[in-house]
Amino acid sequence: MFNSFGEIFRFTTFGESHGKAIGVVIDGVPSGMDFDEEFLINELDRRRPGKNRFATARKELDTPEILSGIFEGKTTGTPIAIVIFNKDQKSKDYGNIKDIFRPGHADFTYFHKYGIRDYKGGGRSSARETAARVAAGAVAKMILKEFNIKIEAGTVEIGGIRAQNLDYEYAKTSPLFALDSKIEKEWINIIDKARNEHNSLGGVVKLKIENLPIGLGEPVYYKLDNILASAMVSINAVKGIYIGNANSHKLTGFNNNDEISKNGFLSNNSGGVLGGISNGENIELEIYFKPTPSIFKPQKSIDIYGNEVEVNLKGRHDPIVAIRGSVVAEAMAASVVVDMLMLNATRTIDKLKKIYQ
Amino acid sequence: MFNSFGEIFRFTTFGESHGKAIGVVIDGVPSGMDFDEEFLINELDRRRPGKNRFATARKELDTPEILSGIFEGKTTGTPIAIVIFNKDQKSKDYGNIKDIFRPGHADFTYFHKYGIRDYKGGGRSSARETAARVAAGAVAKMILKEFNIKIEAGTVEIGGIRAQNLDYEYAKTSPLFALDSKIEKEWINIIDKARNEHNSLGGVVKLKIENLPIGLGEPVYYKLDNILASAMVSINAVKGIYIGNANSHKLTGFNNNDEISKNGFLSNNSGGVLGGISNGENIELEIYFKPTPSIFKPQKSIDIYGNEVEVNLKGRHDPIVAIRGSVVAEAMAASVVVDMLMLNATRTIDKLKKIYQ
Amino acid sequence: MFNSFGEIFRFTTFGESHGKAIGVVIDGVPSGMDFDEEFLINELDRRRPGKNRFATARKELDTPEILSGIFEGKTTGTPIAIVIFNKDQKSKDYGNIKDIFRPGHADFTYFHKYGIRDYKGGGRSSARETAARVAAGAVAKMILKEFNIKIEAGTVEIGGIRAQNLDYEYAKTSPLFALDSKIEKEWINIIDKARNEHNSLGGVVKLKIENLPIGLGEPVYYKLDNILASAMVSINAVKGIYIGNANSHKLTGFNNNDEISKNGFLSNNSGGVLGGISNGENIELEIYFKPTPSIFKPQKSIDIYGNEVEVNLKGRHDPIVAIRGSVVAEAMAASVVVDMLMLNATRTIDKLKKIYQ
Amino acid sequence: MFNSFGEIFRFTTFGESHGKAIGVVIDGVPSGMDFDEEFLINELDRRRPGKNRFATARKELDTPEILSGIFEGKTTGTPIAIVIFNKDQKSKDYGNIKDIFRPGHADFTYFHKYGIRDYKGGGRSSARETAARVAAGAVAKMILKEFNIKIEAGTVEIGGIRAQNLDYEYAKTSPLFALDSKIEKEWINIIDKARNEHNSLGGVVKLKIENLPIGLGEPVYYKLDNILASAMVSINAVKGIYIGNANSHKLTGFNNNDEISKNGFLSNNSGGVLGGISNGENIELEIYFKPTPSIFKPQKSIDIYGNEVEVNLKGRHDPIVAIRGSVVAEAMAASVVVDMLMLNATRTIDKLKKIYQ
């Protein structure tokens, strides 16, 4: 149950970084919807590794095979299974750290929890798993398109340097998903510097949801915001999130409250959520990514026998995992929103009656 | 299902601020444990309103009535139902805002979602619901005591002013749950100032979990950290959280990674979680509370008919909701940890066999 | 999670037979519906013990206290908590069997599972818990009334003697919920005989659901029929169920298949379910109850120390638990159907769009 | 969520009869267990179609491809994904009933629920989906082997003719999974007769679970018996189940109660379950299968436009679906038992402490 996400729109992922395949089974997709395979491929391509020097050099085409749930181009309401076969595993890269824990990496905790060391490429803890999330998110986005709900994300901070003017359109074409074209060059410089020093960088992703109906989010443990928080922090390397104005905790009530006029809210410090329920404004949230733990500088560690060692990593890793995080964050947000759309559909007796008239 | 939290250790809360009662049903409590009713009362008392000028003036003794699940002082393994009858509702305080939406408040979204205006004291969206969480958390803490797992929280920032030296023992006796005795006076001053100006303040709570076994947290959507995130953001007024060093996104991998020696990790930037699984270090997280939205300064708003109005609030509200948030955050964290303890118990075939030997 | 039932319409029960109270928290009730408290009281009254000699002599008025979820007579969409305080516990009746296992009773398994002996009245395993189910079912029926869906049940067999002509209207006024007025007298005779011999009887309940829309039931593990099966077998003393013609397994395909005309199915061997989904015909099922295990004839057993003993029971028990089972079966069926109505509401993209237009 | 089964040991199936593949993702498998691929293949082979004239003539080798969750021959604790690619679809067999509803078949309800007609081989409603269940069940059985828990099933009744002397060992080698070697010939005769008449037969499967620990099953909605009921009725063509002596409802309490001695129960009318919890005796249940609805005799029906038609079926179908039902019933039971083993592991504080010592 723990490799599944969502209640009605629920997806289950499987697969290890260097195993045969990764994949996802998506349950709860409504029937009768055109299935846009090209869009799915395109979303996977946005996250795909090996495209440029800002992501891992691993070459994976990430071509999805759809095994079920589609009939003559339409969704049938049955589970959609999507498999991506791994092609470019280089498991021997991991030979020299077979028995060594990498600082900042999940191999330490997986080993102690499961008593098993799947040393090849991080096994299930690898960010490669997020390709399966992106596939689920692509299907979620197909549903959201029917409601004109739009989800966009981009990089708002790298290595402590913050974007100023956010432009979600620009981010789409930027290799860094940069929200600010002016700062992009500076970011590229510090990334290149970090990579040359065999180091990595952290960053911040900003995500926006537009055109959400008022009323999405259930009380009090399946709120829109706490489930978005759960979704985001479940992404590899995410350590924190903030909904709305990330300074709200420093403000007074008078300054933080969004006043209301006939035409809507006069500000959006709330980030579109009040009491865990969407208020019709844009949902806005920030997602904080730690730097990629896999770096190529020597570090102190121990091996599985408890001996102290120096880690000297090989392999291929993103210099900054936050970048591709934008695509994964969008996917997770899309899944949350679809689930909330469905759950909200029966929350008043009038809505429920409308369905069966 | 949405007023329930947890998978094995699962509690369900009910009740409105100005209804007859609030309460909780706690399922999944192991049998054979001494039930410490005094501890339950004490935990509720820590959160209880009306104790001092830093919380709402509403007087509620919050005396719990235990309806089930205990037999001759011991837990039986059946659901523990705890009810707290409301005593000091002053619903007429809300008469003048019967039809008016309070800026920053959930009444707008609840009305639009449910088509119902339970204007008295915020109904289900009131922070009064958190007393039920504290009751569940008290039971969770009883279980954790059997494992010497300790959860503590306190205030680390108010109105943008940050504590320097954290002392969780001090926090226990402080009316502000202040983690730093030196800064307490300054905080009291700015709170008094805010109250005199009919305003409110935001703040930050810091939470620590000690002595957690390695291995708690499931992959990949029921991780220790994303469920803690979900738990925390589900608390009223929480807008963000951060696990571990809240600057990790600004650091390089080399600086952020916690190196490992024979005797454990050499630092704890990770906040005790790697890959969503506890690594044996203290869990540390920060929880960001917005300022209480209910303030007594006039603000622009609309009524349920869409007319623009000026809101002039009466009633009794916390000048800073973050303070009592410490107790609620501890309760939610305790529930998460108990659930994770149970889930982890069957994750290896050796553990499962141990049970049935 | 295991004292909860349902996915969207989900109720959670608590309470022991001889504890302070039993009760239920009902989550997922749509808002804006008139809450018919009188109907709730009436449903509880139908199940209530102490009314006649066909049920236990325990006198409980089973007056429900509604603690939450209703505002000015209407449902608010928040959890409805209903508590029934126990009044007529006679726990001393159980003094002489404090350490003895009753043959056919759950006290043996509860003791071995939980290591605790709540000997008073069966604790959580008592059929008294079903009052909480009936309360939840009453709320479910209020929802079904909005859709003109009707659920009725009655006794179709007692002690091996089968009713011939089923009349659900007659059952409503019969003290045995007898579906056949002609056979009622014979049934009364064998019940009286069994009681006089300090014995008990088994029986069969038949349940019918009318006016169900086509399409309720999800594939493939949350089908209408397997969830009905789960619901029914969870009722105390139920050992089996059958959907549709209870001879289907003896028939050929040609005889069992229901042919179809323009005006619908030409027979209803399927009991209204095909592939786990309602087909528009009446849902019909049979529920098999074992005889009440608590009898007043001496029987061989052991005590908790393993000594062989003769059990001589006191206390008050139904001579045939199947009778009041009709009311509980209706309640469980109503909860299942409401849940299925809600789940089905978002299964096609057209339905989902209809909601948000 | 509705194509998933179980709580901790949870599997999710996907795939259509004539789609690309069917498969299953199994979550919650403990790590560190030898994975017996040969056993998996063997279990699938037991259910496999095309082996003899008592099952459909469709030739599928049902070779499983394991995509994840195994590392160097051992389970890793991560999801095990198993895919079976379809080989012998003959979708054109269905061309002549493209628009026609088959009496007794789920195509009517699927069409009305989803608005989509996946006419090829029944789509998701086909019993072909049960191969995925058998794969999950094989993994469950591997776990049960560690506890010496044995699950066996066989045919106990065909076309109304009942087996007398049950021999589970014999069933293993019988093409009918017949529990009684003496009656097998008679059964073969009536099956051959039914097939020659283009008809089909119903039947009854009996299932036994040996060596189950006392204490499995949660109160009160996740009991061992009601979840077994749910599991069994979710199998295609199952219309009813009975736990223990299938005449219990006809008996008196005195006759039905199982008396207890020092050495255990003196009879097993309960079928090994009291109050929904295992009592240490063998679990025994009967599962009632309707006859295969797909027959080759003309029947009255309608098409999707509402026109009345005569159905003349082609294609390949089991003359009696109950036979292969034995294998599927075992698989479902194994999954239920593993889940219950895990859930029970943390139900007392002593058990939970044992794990972490």
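So that you can tell them apart, the chains are marked A, B, C and D in the order they are listed, and the count of residues begins at 1 in each.
FYI, a residue touches a chain if its C-beta (ideal position, glycine included) is under 8 Å from a C-beta of that chain, and two chains touch if they have at least 3 such contacts.
As the structure is a computational prediction, the values presented were derived from the model and not from experiment.
Enquirer: More than half overlap in residue numbers between the two sides of the chain B-chain C interface, or less? Answer same or different.
Expert: same
Enquirer: Measuring between Cα centroids, what's the chain most distant from chain C?
Expert: The most distant chain relative to chain C turns out to be A.
Enquirer: Rounded to the nearest whole Å, what is the centre-to-centre distance of chain A and chain C, using the mean of the C-alpha atoms as each centre?
Expert: Those two chain centres are 45 Å apart.
Enquirer: Measuring centre to centre with CA averages, how many angstrom lie between chain B and chain C?
Expert: Spacing between the chain centres: roughly 38 Å.
Enquirer: Rounded to a whole Å, what is the gap between the Cα centroids of chain A and chain B?
Expert: 26
Enquirer: Give the residues of chain C touching no fewer than two other chains, as numbers and ranges.
Expert: 1-4, 7-8, 13, 31-32, 77-78, 113-115, 124, 219, 343, 347-348, 350
Enquirer: Can you tell me which positions in chain B touch chain C when the two form their complex?
Expert: Residue list for chain B touching chain C: 1-4, 6-8, 10, 12-16, 19-23, 25, 27-28, 31-32, 65-69, 71, 74, 76-81, 83, 113-116, 118, 123-124.
Enquirer: Hey, which residues of chain D end up touching chain C in the complex?
Expert: Residue positions touching the partner: 1-5, 7, 13, 101, 103-110, 112-115, 124-125, 129, 157, 159-160, 194, 199-204, 214-215, 217-223, 225-234, 236, 239-244, 246, 248-254, 256-262, 266, 269-271, 273-280, 286, 288-295, 297, 299-302, 306-308, 322, 343-344, 347-348, 350.
Enquirer: Taking the touch rule as given, give the residues of chain B at its contact with chain D in the complex, in rising order.
Expert: Within the complex, chain B touches chain D at residues 7-8, 28, 30-33, 75, 77-78, 143, 146-147, 213, 219, 341-343, 345-356.
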